[in-house]
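Handing you this structure, nothing more for now.
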Amino acid sequence: MVKRVAIVFLACVAICGWAIRPALAEYKVGAIFSVTGGASFLGDPEKKTAEMVVEKINQAGGINGQKINLIVYDDESDATKCNLLAKKLITQDKVVAVIGPSVSGLSLAVVPVFEKERTPLISCAASFKIVHNDKTGKPYPWIFKTPQSDSLAVEAIYTQMQKMGIRKIAIMSVTEAFGASGREELLRLAPAYKIDIVADEKYGPKDTDMMAQLTKIKGLAPQAIINWSVGPSQVTVVRNWRDLGMEKITFFQSHGFGSRKNIELAAGAAEGVFCPLGACNIAELLPADHPQKQVTMTYMNDYMAKYNEPLSSFGGHAWDAISLLADALKAVGPDKAKIREYLETKKNFVGQHGVFNFSADDHNGLTKEAFQMVVVKGKDWALAN
Amino acid sequence: MESLPFFNQLLQFIVTGLTIGAIYAMVAIGFNIIYNVTEIINLAQGEFVMLGGLVMVTVHVMWGVPLPLAFGLTVLGVTLVGVLLDRLAIRPIRKPSVMTLIIATVAASIIIKGVAMLIWGKSPYDLPAFSGRTPIDLGGVIIQPQYLWVVGFLVVVAIGLTWFFNRTIYGKAMSACADNPDAARLVGINVRHMVLLSFALSAAIGAVAGLTLTPIALMDYDRGAMLAIKGFGAAILGGLGSFPGAILGGLVLGLIEALSAGLLSSGYKDAYALIILLAVLFIRPSGILGNLEVTRFKRF
Amino acid sequence: MLRIHKAPMLAGALLILFFPWIARQLPTISHYPDLMVFAGIYTLITLGLSLLMGYAGQISLGHAAFFGIGAYVSGVLSTQFDCNPWLGMLLGAAVAAMVAVIVGAPSLKLRGHYLAMATLAFGIIVNIVFREEARWTGGPDGMIGIPGLSLFGLALDSAEKYYYLVWGIVAAVFLFSVNLIQSPAGRALRAIHASEAAAAAMGIPIARYKVIVFAYSAVLGSLAGSLYAHYMNFINPATFDLFFSIKLVIMIALGGMHSIWGALVGAIIVAFLSLEWLHYFEEFEVVVYGAILLLVTIFMPEGLVGAPAKLMARMRR
Amino acid sequence: MAAESVQDPILEIEELVMAFGGLTALMNIDLCVPRGRIKAVIGPNGAGKTTLFNIITGVFPPTEGLIRFNGRAISGCKPHHIAALGISRTFQTVELFNNMTVLENVMTGRHLRIRSSFFGSGLALPSLRRQEKGLVEQAMALLEFIGLAAKRDIMADALPLGERKILEIGRALATDPQLVCLDEPAAGLNETETEAAAHLIQAIRQKGITVLLVEHDMKMIMDISDEIAVLNYGEKIAEGTPREIQNNPLVIEAYLGQGGGFDIR
């Protein structure tokens, strides 16, 4: 009995000792991505990218002589877990800033945490709401994000439509955060571009077939369809569109379509589909004098060499986030408030998805020029004119 | 650009609904086979469908095995998983109450899903359609050749099961277990074997549903649960334990979804299907073709 | 029966009381009170569910809906109507009770798997409403800016303060449920579980009891939802989906369906497993979770709390 | 003593018809149960005896006909209403509360005679606590009466069949009934157990409680019944004292016609 108590006691001491081991001199940076769960196609490349960038920095001697210690957590696409992990990073791991989460819903879920704890967050999710407080009409002070807002993608598509003379369209969206916020922007911006939305259809992320919605759209004979979704459903939609012989109705995908894997899965059905993409999707298509040509090519080559898999544009959001943070750390050191200030005034940061120009009123720092309109041609992207 | 006449649209909705409904029906049949012998709702049924699709992708696309042979191998492989499910998750339970059995199937479905994620990763996979992707245009109504395969397999499964339960000794023994397990035991039927057989059979049917669905909707590791719930809904709507009920329930559910997506609101289409399901249950507490008197005698 | 409960109840109460202090001493678990807030919120739901499923023998695969109703009623009222959060919580509970009566009265006439499907359907429908009525709920993106709670001017803005609030409520509900189980009403519920025909023959109004216990569990679910919303300051529909309903059932099955202790133990274990411990298995997480569940089902069909009792019985023999 | 001469009937059934779908289970049954007596209903299997019990206790409403209890029409009432009026029952298949102890089973039987508020119970109001104490005493008294006091803390499903049947009768008595309907209390019991059951039934009558009995054990029926009604194929073919029934040619034919399995003499 005494022996047993002694063992338990020793074990406790050992655990405590391990737990309060002295922290090394390093910059602690947190990351939360949806590495597993429904949004793993975002979180997985983001995690890989962030780790790759940090490894590269540390190999080059770190920042100001300090290594970056990147602590990555997986929120499993779950709001409760995400919230807990955010608090754990701030209060227990004592990080100076956090990048992620991967999806809009979860980023929104932790906005209150970072505002309260006064810690910078650079989100890797699209929704405009993440950097826009409805009550004040301004960004949340401590929250930034790198992906282009949905509104920019919508503007890029609507601009292309104006060029093509399209006025009457149908929209489709998946009943998830990504689809819902895209749909909201599509509806909000349509009047400004004099575009008439004749059908507003939805489908579930696990639906097997969208023929019914497309048939209804076919009956209304719009000039174009815009689909806003991610994952397998966006492939099914394109296939159904092709099956129903609706090629005359031009098909636009959201920037969520930005992976060559999707063209492959569509099995030829994606031919002629338009899609707004960030520079990093199409690095090799960019003209040599494009400002992002160099960073995107380097990233693409590094990533493919390291992980031996095609680049996903979502990883680029993590590249932008961690690189921005590294830049800030280099300039001002591990001070939360100074990092926040630095980010807010950062201009001309050349990233994977655009050239960022932050300001007190804009915590995203991108314009619709961050998107290139591309079209699927011969099973690959081509720049659309 | 000519618009589509309303009548053609309606036909298109029906074609779509029946196809999806046929998949639901096959899942529902799988539920019924196991339910009839064991009174368990096997919530891992959807995972059989998922496995059917993904195993077929591996065998047919990655290994290049020709279609008919790949079909056979896939069904066989998934059947084996069904057998393992019974041996490793169901049979070891010493004091089987219906609730523990259901939890065991939930646990099994989580494990199968997790293993599938480890094997195939998280991205979706495609399978070539069995006879090409050139749509058939029937006077404005578009039919994918794969749709015919889906409906065709439902018919084959239905005929096959009818033959199995009415004509073969094993089928008759299984029906006997379903009617009265104690009496079946008395006349010398090995109920354990029948339970095993029921898992094997419903896994096989699940696999067929999965590999015919994949060319239409792609397949990924996470798809099982949703299909299981739709299939469960179809089985309940038709009346648990009734095979004609399962087919009717599946087709009706598919039709309601397609029609409400096309005619009412696509955001609420699943809700409409479920509201109708609830309404049916409140009027007929044992489903459309279910027998209330029989369900009274079931433990669950 | 109360005798059996008193000792562990006292031990549990002391542990709950001193847990934050213990956690503060050990840096590796210093964030556990935060986890315990969620564990407490889950416990609140499973306490009701245990009464409904374990004691009265009914099934619900839709309880996430009540959790969500509480969260959304509280959330919408406090953000869009500047309603006092406590009042919102009460109104949420009232709405949940009302919905439970309306849905429960026809549903609880169904039996077994049919009841399971009906409650499952109810849960999915409610979730679709949360998702689609974006004007009120913020849609799939969720709803931000839900205020925190304060009590007599004291803002409950730290994990520890909220921990005491949540576990105080859990303790009260636990006591209430223990009293209930040992009362004629509790026996009536167990009688319904064992034999509806005999229960009716003893003069127990079955339909009414089923609906009352359903509503009671709905109210607890709703309270838990409100507590969740005001703690997270954010809610989204995915939190209240059918997989959460199934997770709730897993909690009470894992803990032990036939005892109120099972609800407590199951909720805490599953909360810690899914929110913290399983992370260490990384991509094997899902498989490990399933394996734990399966092993408990096979080797401890009475759940985790059934095991010690069985062990004691064996030792006595 | 024939049914027509009953002065003070506790239960009167008039022209009762019960049809399930196309199947008529009971046809124009008239039956009268005199207060304070033991009345038996016998008949071959499938004669409709259990159906009759189910209708009296409200499990399903009759297709046609009238049932009066203490002069008040009760046909169509819910089971728990009928139990509240003073009719209690046991089941052919023994429906004990297997998740409870012997004592708890009887205590649950007292449900109608106590106050049971859901929220009052949860708050453990002092009045309810006092009531609970009294309840245990009442239940123990009943267990003494049926002879199961020593087994109070055993789970109901751990008892042997004979005691399960006795306990079910005890639980039925706990509702303070004026009429108990016993559905085959001796089925499956051995001779000693049957004798014990017969004694108990007689003791119940001595307490002034009327007994309506369905049973196949003819010796027991003939020994303890005051009156017997005979059903065959859903129709009442005879009614009278045990002696009258034993000599009734129709009854003999009904039993012999079924294969002569029962010796009603």
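As written, the chain order gives the labels A, B, C and D, with residue 1 at the start of each chain.
In this section, a residue touches a chain if its C-beta (ideal position, glycine included) is under 8 Å from a C-beta of that chain, and two chains touch if they have at least 3 such contacts.
Quick caveat, the model's predicted, so the values are computed rather than measured.
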Labels of chains that are neighbours to subunit A and to subunit C: B
Set of chains adjacent to subunit C and to subunit D: none
Maximum centroid distance from subunit D, chain identifier (CA atoms): A
Centroid spacing, where centroids are CA-atom means, of subunit B and subunit D in whole angstrom: 47
Whole-Å separation of chain centres (CA-atom averages), subunit B against subunit C: 32
Subunit A-subunit B separation of Cα centroids, rounded to whole Å: 36
Intercentroid distance (Cα basis), subunit D paired with subunit A, Å: 72
Of all residues in subunit A, the ones touching two or more other chains: 36, 175
In subunit C, residues with contacts to at least two other chains: 131-132, 283, 285-286
Of all residues in subunit B, the ones touching two or more other chains: 117, 267, 270
Contact graph of the chains (line, ring, star, complete, other): other
Complete list of chain pairs which touch one another: A-B, A-C, B-C, C-D
Contacting residues of subunit C [partner subunit D, same complex]: 176-177, 179-180, 182-188, 190-191, 193-195, 197-206, 212, 216, 258
Contacting residues of subunit A [partner subunit B, same complex]: 36, 38, 40-41, 44, 175, 201-204, 206-209, 211-213, 215-216, 218-221, 223, 231-232, 235-236, 239, 243-245, 248-249, 261, 264-265, 267-269
Contact set on subunit B toward subunit A in their complex: 1-6, 9, 12-13, 15-17, 19-20, 23, 117, 122-126, 128, 133, 135, 137, 142, 144, 213, 216-218, 220, 222-223, 226, 257-259, 261-263, 265-267, 269-270
Subunit A contact footprint on subunit C (complex, rising order): 25-28, 30-31, 34-35, 38, 131-132, 134, 139-142, 144-145, 157, 159, 232-236, 238-239, 274-276, 279, 282-283, 285-286
Footprint of subunit C on subunit B - complex, ascending: 35, 41, 89, 92-100, 103-104, 106-115, 117-118, 225, 229, 232-233, 236, 240, 267-268, 270-271, 274-275, 277-278, 281-282, 285-287, 295, 298-300
